[in-house]
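Next come two complexes, and both contain chain A; in the first it sits with chain B, in the second with chain C.
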Partner chain A sequence: MTSGGSADKPGMADLALSLAGGEPRPARAVVRKLARHLARILVVVLLGGFLGATLVRVAPGYGVDSEELDSRLSAESLRAARRAAAPQEGLFPFYLHFCERLLHGDLGESRLLHMPVRQLVAERFPETAKSVGLGLALAWTAGLGLATAAVMTAGGVDLLAGLLASVLVCIPAAVLALLFIMVQAPARLAIGLILFPKVFQFARNLLADAAARPHVLAARARGAAGVGVFLRHVLPVAGPQLLALGGISVSMAFAAAIPVEALCDLPGIGQLAWQAAMGRDLALLVDLTMIVTLLTLLANSAADLAGLGRP
Partner chain B sequence: MKRWILCLGLIFATVSTRCAGAQPGSELRFCIPSDPRTWNPLLVEDDASETIRYLTGGVLVRLNRQTQQLEPELATAWKVSRAGNAISFTLRRNVRFSDGSAFTARDVAYTIAQLMDPALHSPTGDAFRAAPGKVITRIADPYQITILFPAPVVGLAKLFDQVAILSATSPEHERAVLGPYQLADYRGGSFVLLRRNPNYWKHDSAGRPLPYIQSVRLDIEQNRDIELLRLLRGEIDLIGSLSPESYDRLSAKAPGMAVDAGVSLDSEQMWFNQAPSAPIAEYKKAWFRSTNFRRAVSESIHRDDIIRIVFHGHARPAVSWISPANRAWFDSKLAPHAFDRSEALRLLAHDGFTLVNGVLHDRAGHAVEFSLVTNAGNTPRERMAAMIQQDLAAIGIRVHVVTLDFSSLIERITRSLNYEACLLGLVNDDLDPNAQMNVWLSSGENHQWNPGEKKPATAWEAEIDRLMRAQAASLDAKKRKQDVDRVQEIVWKQEPFIYLVDKDALMAVSPNLHNVSPVALRPQVYWNIDWLWLSNSGSRRP
Partner chain C sequence: MKTMRAVALVFLAAVLAASMAANWIAPASYARQFRDQPDAAPSAQHLLGTDDLGRDRFSRLLYGTRISLLLAPAAALMSTVLAGAIGGAAGFAGGWIEVCVMAGTDLFLSLPWLFLLITVRACLPLNVSPVVSVAITFVLLGCLGWAAAARVVCADVRSFRNSDFVLLARASGAGGARLLMRHLVPNLAPVLAAQFWISIPVFILTEANLGILGLGVAEPLPSWGSLLRELESFSGYSAQPWLFAPLLLLVLTVSSFQIVLHNEEVAG
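On to the complex of A and B.
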């Protein structure tokens, strides 16, 4: 083992890997992997932003404003409104200036809401974080709980939970969100139900796979307690994959938050993204594209890194 | 397992109870469709900002939405000069802004200077701009001011209904207001909270301060179905504008809450693209420029069916560009275009069109077909387009309905002009026809069927130009009415816009809200906000 300075004294990464059930790896390799991930995140976020900017710029309706139909406006004001809405510079210069401003922490101003994007994101992000957090908590509590019950008990729970997951996976996210409004339940819980089938199905398969290993079957055959076998021999085997699933479920939750917030008028970044798209708000859309891309990549990378310990 | 289910149930119930809002205190609640785009009352253009301006802004004179007459507010008296280019106001004394600063003529002068600043591009200010030149204000004393315009401005006094007076001295700038409410809180995408202005000058006959309602909470809600659901649950007290479907649904569930205040100022119309630069086939432009073609299309559309099926009876066949709700300017001599397919075919035959095997062809043998664009997501409009398609199929015209999102639609009708026909509704808040100069002058950018003409393309457009300019320059109300009537007649005959229906003003009002007198003009329900009160919220009955 040649892990440099960390050979005798394991670092946090090694410790994390140990906890994840894998063998400790050289710290340098972990650092290299982290650096690769960060570089990839940076490149993809920048590309995502550029792609977002390109799509908005070429979208029909970019550079026009409903204000133009206001018959009260004089010809001069109308021209001024058109000038203000029209692109001030080409796509590449715009994006270069945009990135330059971004480096200084300036996210630009929303043309639609006449507010700094930074302020809008700061106001709206906690709402989305709340929705995503609540949705993840519900999906994981119900999904992992039912998956565990399905693996630990006889076929009834498995059948019912599987049926529920199948039904939920068939219902479009928008319909689920509207159902929550109809029954006066918080619409953000819909995110939980959108995620539940995925979490349940994956978790159930992983746990069932781990529970079918020969040593687990042998332990059970010898009369070992079910909970003890599950905690000592099933969960640790499925653990790294479940962690990976956790990372992916974060990005799925953000994806689900956009239609739910837009439909249910929850004032989060999902609703903001919808408004920005409808109003062709370039700065706002590019910023939101980059933020959502960043969050998705971070979640995926976290999942990837968590899976380093897999055999 | 049972424990798990119980825990989940408890979490769900707890969160549900916390979020199903209860209505506290004397607070009026209703929804606005979006975040306000501006807090500056001089730059208002969207509905949400307009609502806030109406509730917070103090104006010199107010148009009574019921009588359609001007009433004194911050000005106790006013007088327009004989030449029509000046107006003198006598201001109310002992009035204070919400921040405590005194209201004087200086504030009016400051507001006018801001409003008429050419760099501001205020839609409100543009209504005052009859000719280039500087606007001068003369302050005789702290309560007397005269405003001089470079040219006569028709309907001058009424325009001040839209001008919220700003404070010249307050460090709070536009947050210092003279209206019944002031901004208390705002959470982006969620709500705007207005609280009663403690310095509001109005009192009732018993000396009690107005408005009666302590606060107004404006929830930002784009989804109209959710808005209706919230009304039925008692979470909001009114809806200013209902769709016909929502009106019927509400009438079935809570008949006392649905209100039809009669015909509104809003119309639905279609028009053909006649612009020479439009990227469409020349032979199609020739059809669209033909008065007979346009009239034939108009007479083939069964407006009564549209009203019955699309608007559930809550609309009238449209006659003119001025709605019958505009009592002063509507030309009552005009009658709706009759539904008459044989007359339509006769008009088409006159232009050389022939009907062969159920398909209409022009002289050159081109089958008559065109696309009709409209905005996606507006269900009544989409249904209207489908009905027009069906009606015109009966005279051999094939219509392709194309729905576009609003931004794309605006781009097509204002920039690329890449469309053949458009179905759209115009919202009109101003009673004076002068507010529509940009639509009717052939050089206007909002002259939708052929925007920005260098010179009038037709004799009748030249005549409209002449009449509109004459009415804009005249201070003789009778002469103005004659000119505007004549324009309405020309438009009725030529049909550059094919007016289809004038929609009714449909709204919903909770039975807990009192002193409500719904009207067709905006804001239909709360135009007399000072006098409204809520019965279930602890506010004293006046």
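On to the complex of A and C.
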């Protein structure tokens, strides 16, 4: 554990050495951890895909087409359409077929929008990336900034920021999105406001915990100044957990994108997921969930690996 | 802090009591339409006015509060029981069972909560009766909200499994069931209680989100989520501040839960 200003430097040096191949044992540990992360992502994607395929396969209405409601079709045409749409595969063959398609980069076709899912995702993803990126930037700038100010300065900032976060955390994300429409504010910023209280509260607690450590008190007692103490002693201790929070906040941002994009009419992945849910386009919904899961797993793994040099 | 906790508890009790007494307090049924008074402003007859179908907003708020405040704890109870059973069994069994169950829990936690929720919700029929929609919404919350709590429970059971008092009980011949019921479950009660209380505000907010998105409780049954959908007619917000009454009540209720939980944490 980091116990002083210079104590974290050997940790970084170890990592640098290990990455450069200077010491075989830590390098192996890094590679092992990387391999473990990749294996975990693969297992989660395969199992998640299986669960998703199961949901699609067993959901009520699977194999039923809205074409059946067309009163112009004769009984014979209806029977033919039913035969064509009827589930002819068991669950495992269905899953294998699903995986085979995925390996070829074929995400299937949206029943709702009559377009390839791959094309839909390609069209919609930039919008969500913009919203999520901006939201994360806003939440982290405000959340970490205020958390730092709250820990470093006594009283006012902590109270006011804490109060603001406490109120915001009690408002449903969808209502915050509606409030943004009411005041005609840029809807993308709503994701930032939804994430801000969570980032602030976690970051504040982590920084406050780190600031109360004995080595920080000792540094202060020796006359070290506020910013110096924060950068040298507090931030290195809270760093790995803050990085982990960064990974989790990506997942929270994608979840927040659903109500924001659906209600504020932003044509992104979140709005697409909502439309798929309302239209019961399960294949599209499962594909989207898998893509977002993969992205959040990658973000979490990146955060975890970035904190590897820290004790 | 104690005063704030007391105020929060009194507020929660008052809201719960008012919603339970909706049959007597509410001036009308939640579904009754006053056809000659659609979109009416607040008056002595309709304290919060009427909605676009002429239904009394105050009555709907009372009945909606009852649904949200009764079913969120029910869903929390379900998820806590599931977490206790799954996490407890994994922690108690240990070995590969624990590894497999915790891997499954990790998988569950890796899926973004709202995406998972709307995916599973969409797999079930959307065009169902209001009562079935209430059941689906809250059973879904209960069934999908166990994962984080299960990890906490599993870690606790694992530490208890290796503790001195369990070893002593084992040495004196206590079997698996006796160990579980006499020694582990009583020690898990505080953890499970904490998970239960933490889940309630989370489920209230999630139901509100689902309701606003049209994936929650179906009309004409009211819930906080479906009542908040009225905020979508935002053009009238400046002229109709009473539309914010459900939001105010929801924020105050969830804040009260947070205050009570925070105080319990501090006391713990």
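Here, the second predicted complex is superposed on the first by the 239 of 311 C-alpha atoms of A that agree within 3 Å, B and C clash if a C-alpha of one lies under 4 Å from a C-alpha of the other, contacts with A are read in each partner's own complex, and residues count from 1 in each chain.
To be clear about the criterion, a residue touches a chain if its C-beta (ideal position, glycine included) is under 8 Å from a C-beta of that chain, and two chains touch if they have at least 3 such contacts.
From a predicted model like this one, the values you see are computed outputs, not experimental measurements.
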item: Chain B versus chain C as contact partner of A:272, first or second or both or neither; value: first
item: Chain B versus chain C as contact partner of A:170, first or second or both or neither; value: second
item: First, second, both or neither for A:282, with chain B first and chain C second; value: second
item: Partner chain in contact with A:103 - chain B first, chain C second, else both or neither; value: neither
item: Contacts of A:120 with chain B and chain C, given as first, second, both or neither; value: first
item: Touching partner for A:181 - first (chain B), second (chain C), both, neither; value: both
item: Partner chain(s) touched by A:263 [first = chain B, second = chain C, both, neither]; value: both
item: First (chain B), second (chain C), both or neither touched by A:221; value: neither
item: Which of chain B and chain C A:78 touches, first, second, both or neither; value: first
item: Footprint overlap on chain A, comparing chain B with chain C; value: 59-61, 181-182, 263, 278, 280
item: Contact footprint of chain A on chain C as seen in their complex; value: 103, 106-107, 110-116, 118-126, 201, 205, 208-209, 212-215, 225, 228, 231-232, 234, 237, 247, 250-251, 254-255, 258
item: For the chain A and chain B complex, residues of the former touching the latter; value: 59-78, 80-81, 112-115, 120, 123-124, 127, 134, 138, 141-142, 145-146, 149, 153, 157, 181-182, 184-186, 189, 263-268, 271-272, 275, 278-280
item: Interfacial residue positions of chain B with respect to chain A in the complex; value: 1, 4, 7-8, 11-12, 15-16, 19-20, 34-35, 37-38, 45, 118, 121-124, 126-127, 129, 187-190, 220-223, 226, 229, 233, 404-412, 414-415, 426, 428, 430, 435-439, 444-446
item: Chain C partner contacts - residues on chain A that touch it in the complex; value: 40, 43-44, 47-48, 51-52, 55-56, 58-61, 166-167, 169-175, 178-179, 181-182, 251, 254-256, 258-259, 262-263, 273-274, 276-278, 280, 282, 285-286, 288-289, 292-293, 296-297, 300
